[in-house]
Amino acid sequence: MNLILIAALSMAGLSLVLASGLVIASIKFAVENDPRVDRVLEALPGANCGACGFPGCSGLAKAIVEGKAPVNACAVGGATVSQKVASIMGVSDVGSSEDKKIARVICQGGNKEAKLKSDYRGVKSCRAASLVNGGPKACSFACIGFGDCAKVCPFDAITMSDNGLPSIDEEKCTGCGLCVKECPKFVIALTPKKNEVHVRCRATMKGKDTRDVCSVGCIACKRCEKSCPFDAIHVVNNVAVIDYAKCRNCMKCVEVCPTGTISAAFAERKKAVIGDKCIGCTVCAKNCPTGAIQGELKKKHEVNLELCIGCSICEEKCPKNAITMVRAGQKQESIKACNTK
Amino acid sequence: MLKDLFFIIVSTVLVNNFVFSRFLGHCPFLGVSNKTETAVGMGMATTFVLTMTAVAAYFIQSFILEPFGLTPFLQIVSFILVIASLVQLVEMAVLKISPALYNAFGIYLPLITTNCIVMGVALLIPQKGYNLIESTIFGLGAGLGFTLALVLMSGIREELEFSDVPEALKGPAIVFITAGLLAMIFLGFTGLAPL
Amino acid sequence: MAQLVKDFLNGLWKENPTFRAVIGICSALAVTTAGQNGIAMGLALTFVLTCSSILVSLLRNIIPSKVRIPCYIIVIATFTTIVDLFMKAYFPPLYQVLGIFIPLIVVNCIVLWRAEGFASKASLPRAIADALGMGLGYTWAITLISLVREVLGSGTLFGINVMGGATHWVIMMLPPGAFLVMGILVGIMNMISRKPVKKTHCH
Amino acid sequence: MEEYKLITTSSPHIHSGESVQKIMFNVAGALLLPAAAGIYFFGLRALILIITTVLAAVLTEAIFQKLRGKSVTIWDGSAVVTGILLALNLPPGLPLWMAVVGAAVAISLGKQVYGGLGMNPFNPALIGRVFLMISFPVQMTTWINPVDGTTGATPLQIMKMQGVSTDYARLFLGNIGGSMGETSALLIILGGLYLLYKGYIEWRIPVFYLGTVAILSALLGRDPLFELLSGGLMLGAFFMATDMVTSPISKLGKIIFGLGAGIFTVIIRFYGGYPEGVSFSILLMNAFTPVINRYTVPRIYGEVKAK
Amino acid sequence: MNQYMRMIVVLVIISLVSGGVLALSYEVTNPRIQEQTQQALQQAVLKVIPGAEKIQTVEKEGMTFYIGTDNQGNKKGIAFKTTGSGFSGPIEIMVGYAPREGKLTGIEILSMSETPGLGARIKEPDFTDQFKGKSVNDEFIPKKDVKVITGATISPTAVANAIKSSLAKVTKIFPVGGDF
Amino acid sequence: MLKTFRGGIHPPYNKDFTKHKPVEMAKIPDRVIIPMSQHVGAPCEPIVKVGDTVKKGQKIGEAKAFVSAPIHASISGRVSAVEPRPHPGGGMVVSVVIESDGKDEVFEDLKPPKPLDELTPDEIKSIIREAGIVGMGGAGFPTQVKLSPPPGKTIDTVIVNGAECEPYLTADHRLMVERPEDVVMGLEAVMKATGVENGYIAIEANKPDAIEAIKHAVEGKKGIQVVELATKYPQGGEKQLINAVTGREVPSGGLPMDVHVIVDNAGTCAAIATALKTGMPLVERITTVTGPGIKEPKNLLIRIGTPFSEIIEQCGGFQGEVGKVIMGGPMMGLAQSLLDVPAVKGTSGILILERKDVVLAEQSPCIRCAKCVDACPIHLLPTTLGKLAERSMWDEAEEYHALDCIECGCCAYVCPAHIPLTQLIRLAKNHIIASKKK
């Protein structure tokens, strides 16, 4: 019994001394630490991609708390993350998800389409190859195809196709822009996610020279320019350029492009579908740039699917929200479902 | 006397290196040996704590446990209590006194509580019957041996980043194999300065 | 119930402390020179782990979070000492072999890892299931290591001669053998589960 | 301009013509000198031992690479070098199956687990040797006397146990017990000089290694010449410490490597449990090599000291 | 401040309980542990003194001797511990000595950490049995009058040296031919 | 003991193809393509339009920036295009294309300036600038910029680089043998322009005839010394040359002027002499056309802008199956993919290798033999840099001084594993610089 008492008491004594020592120390050595850093860090995606310009997510978290970076500095996380960070920091979020951008490849000159000018041997890296006589491709603007972009992508969104071109998974792409910075030929660009039509060429040689080296290069024929109902595409410096603000994804230019330089998911082109709410006000018919909507006043209008280019002006103009844009590839049932919404 | 101390150092650093032949301290050995800089930091921090622990263990043993006959059953509890508090105390003190030092190795301090080298040293000191100076040297040697193991391993692991290690062996597996080879090499010191 | 089974199996394979999480390996390497050592060490750890988990789970709402680590450590140390004393009393030859590694259960990462990471947040039955799973996961893992080393190093299996007069590989009884066997086994486990181990930290 | 399909590469456009294969086969060639000594003194069994380890090493390499689905590179000669080196480090009377185990361990654990040629931190042949030494201490320390084939001790063992030295001439020519390739200092030096001449080894490592051992021996009151000529020191200094893959890259690093190996060799020889410390010392310095490399980055041209 | 007090109190209580519980389990196990230790020692002593059944502990000149007697109380021999420094650590040896005959009655290796399969074979009877009946005046030189183990010379040498040097002391306390 | 530096290699020199062949005047080409960027610094702006008639020596590209050099027509004729054209340095560069009228008339405004003795330093500098003279060893740094150190920097030594350490090339060699007095005059002009008393002409020992000729030419000139250098590559590298001649080390990231030195190529000095004697700007240069893949190796005096195809034709065309066409020497030259690129101010040679001579060995793993470390004249660790570059570890590469690499090619030349070390380091440099610009 005696031993138990001694043991218990010595233990108690020891822990009393140590615990008090710790308490005193923690009071004496107290150091202010901003707990918000940890919380911000937790809110960030944690990919450590460095796209924000700070050393990893923890660097950004520190910078945000210290006020050196805005709450929406993380492009990768997008709106959800910036909202979370904003709430931690107690400020209102300034970013919006509307103008979300993703990376797209603006060259289609793969192994099949673009000619080579020399037999390049050496480091299999686009940048390294571009330093050797401008790269092996005869078109000096063409994608070199060694996949530097795929290597640098922190989200595994880029894969190299068998044809030697990168393909970007639009769902995985966060728009961090690392591939854009990495590409020595500048054939990857950040473009608004909502835009579906892109000119996939940036060769500024004369049309003839372009045709000599690549079967899918822009030859500056200007047919797209003429066909565009919205004045959204122009040939500048021998290459077509789309004004993304004006482009309505109508794919008219895609139809006329002789070389297939302008690309879009043509099979999935949207079509207008007029639902039962239509009161026949004719606003849509008046605004349709192709005259694809017909109908009499006060009667439900009809869309001529042959003519409809999917520009969605009618959808916007319709005062009754009776028009829905539906992908051509989608099934009839879903169109019906839209009809009854 | 001096010779004894020298033998203790040689023994703990080379012959009976705590990592390679006594099997202690493997968690941090695996965890923080991927970069030489962190390895040096962790080694320094551990050596520091080890030396202090050795002293503390000596005092607890000779002034509390021994006199009251508590050794057989209170040794473990009291030592771990002391180590945990010591580590925390050191951490707080370093953070306050020298933030630069804290940045250098302070972040490793919390990891040391569960580093079994510390506990191992504390338990071995009474077993070996060392006096105060010997205990201190023993703690110091154990720390240096640990640092040596950590630094060697981190150097090799940094090189491994440039190697083409088979997929299945990546991570801890190749570290174990490398540690095995290192342990094999350290066996070359057996018989040195017998203790 | 299904949850309990899942918790139990987790430690046996998916998060096996030795082969998958790769923690608490000091003892896994040190004492694994013979099959019975592996089993004894494993059971000792399982006992400490289970008892500590029970207590930690029970006390999880009482202990202030700031001193929880010291409290857990004291709990663990207490049970470790009990194992230590009982082993000394009833299995002295085993105690001599396992030596310092019995007291060192107190700093074995597995125990604190489960106490802090699981038991302190889980209900009593789940804590027990997890502790048993982890403990037995550790036990089978180190027994496997022990057997490989024992067969190659001394030609016996649980003390029974199985290799005839074949030359023993002394290295298997020594530290390098432990590391090499461990490394190769972890590699094999990776091959089986086709996924490299993700590093877990000590706590 | 399609009629000219020109090749483009980055500069330079010419090459010295040196290749890894060439280096390896030259080293293998130089190793044949001490190997010849071994065969001369220990007879056919030595030849068989060499063939066994070489075959086992090459085969292990091929199997490992096949299993990993990599291209088999046994023709680069590195496995052959490892095989010969290992054989030279074994007692001539070692059971052949042990030699096979040694070669397999050398190539698999010493080299292929790290990804193969150029990535191994340790000298594979020495890994094989030390592995055998620790696994089978009895067989690995059963030495055969040359010519008569009886078992006996090596000069270093005789020195350690009985304090008796051996005649210099016998040490120099190799008419002594020991590993099959380490007995003849003469032929080892010749082989080493050949490699030095070809530029495949660096003089700093052997010179500083041997120098350190000689000076420390003299300081500690031993016969430096005896220490230099006996045991595996010569073989180690010329053929194993100089292994490109596992020694430091900078000149200063090489000096440190030689010094360190010398110091450890002396420590183990004079105070350690093993009579010989060359293998352990070189492997230990191999382990130090990454650290040495890190701290001996040469001062570059025009580098201004950081303030 | 309150929060700190609670921290201290909880810690102290847990320590208090822990101390108590441990002391209790110690009291439970202690007799058994003592018994085990005693038994182990006795076994070793009895093994090196053939015919002995009982042990008597004697302290002389700083050394502990265990005098073995048979059931009739006849002294059969003395046992004492000695330590040699082996290949990888100390070797603890129990030595049995019969002063009247001036011979060893046997040795037993109590603890050692020699290389398994090599130096560790000093534990095997093949090695230990050779000391049975060996004269204390022998040279104890390995490979001469002490058989060694193939491949390992250091460990047997350590054992032989340890015995030889301790005998020098012991034979002064208990001279050959004398009583004890 | 000849002066030299630490590191470097001894490649086969192969200068026998052309070393004894006197410089020949090339035919005046039917058409020249003159890129508006032939130098380090800002490109020139073309000041002629399609349809304009120009004469030899007439300025056609204006240098607007300080670090730039004007560009002149090299033949007389009509401008037929001003548009991007392939450049031997890679990529497309705006170029002026001139169709020859066959008359080769000299621009009438050009007049010889006053004799050198009567010119002030500023006048010399402006003549050099107006003549569009740039470093003719290959890099093309505008010479006048070198001569105008910013305030606070002093110059005490001028070195003429006559090392020509690149294998195969003999353009400078022949120049020094045939026109030694021009080289010396150029040096004197530079010394006068910068007020320096100390001038060296450094020549590798493998050109004894050039040393002889230059020694003869400097006889009696004050402050000018001829330095004989050991034959070793890259002896002609600016930093190595300065180190060998003066023992000074250009600080990392610095310029020769930081150690008070100006280095000018022998060809540059001759061009200065021409401008001073005749007023003719830099419109022609000596180019060595050589290599096993060409029928008649020659040293040609060519007009700037002559297409490679025409130069090759004048040397008898290809021999055997052509493998590589390289502008410059084999160590640092640029492999060409198109033969309609023009020769520029820095085209010191055109090297043709047969397909069978092109080394295309498989890369094998690095065996850490450290041959590259011994060869590097900057004492870098090329093997480490290569490994870092292969794994895109640019920050670490910068710590290991990737930016100090002079891309001399020694490391890749000696590498037994055939690792393209030089290219990897160049890649790392490019990355580091790109990320700094951000």
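Order as written gives the chain letters A, B, C, D, E and F; numbering starts at 1 within each chain.
The rule is simple: a contact is a pair of C-beta atoms (placed from the backbone, for glycine too) under 8 Å apart; a residue touches a chain by one contact, two chains touch by 3 or more.
From a predicted model like this one, the values you see are computed outputs, not experimental measurements.
Among the remaining chains, E is positioned farthest from chain F, on the basis of C-alpha centroids.
Ranked by separation of Cα centres from chain D, the top chain is A.
Separating the centre of chain C from that of chain E, both taken as means of CA atoms, is a distance of 32 Å.
Mean C-alpha positions place chain E and chain F at a centre distance of 86 Å.
Note on chain placement: the centre of chain B and the centre of chain F lie 60 Å apart, centres being C-alpha means.
Counting partner chains per residue, chain D has residues 1, 6-10, 109, 115-116, 119, 131, 134, 137, 139, 273, 293 touching two or more of them.
With touch defined as above, residues shared between interfaces to two or more other chains in chain C number as follows: 67, 70, 74, 77-78, 81, 85, 170-171, 174, 176, 180.
Among all residues of chain F, those that touch two or more other chains are 334-338, 360, 420, 423, 426.
Within the complex formed with chain E, the residues of chain A that make contact are 3-4, 6-12, 14-16, 19-20, 23, 26-27. Residues 22-27, 29-30, 69-70, 73-74, 76-78, 80-81, 84-85, 100-101, 103-104, 106-109, 112, 171, 174-180, 182-184, 186-188, 190-191, 196-199, 201-203 of chain C are the ones that touch chain B when the two sit in their complex. On the chain C side of its complex with chain E, the touching residues are 33, 62-64, 66-67, 70-71, 74-75, 77-78, 81-82, 85-86, 88-90, 92, 96, 153-154, 168, 170, 173-174.
Those residues of chain F that touch chain D in the complex are listed here as 9, 11-12, 167, 239, 243, 249-254, 322-326, 328, 330-340, 351, 353, 355, 358-361, 364-371, 373-374, 377-381, 383-384, 400-401, 404, 407, 409-410, 412-418, 420, 422-423, 426. Contact residues of chain B toward chain F in the complex are 161-162.
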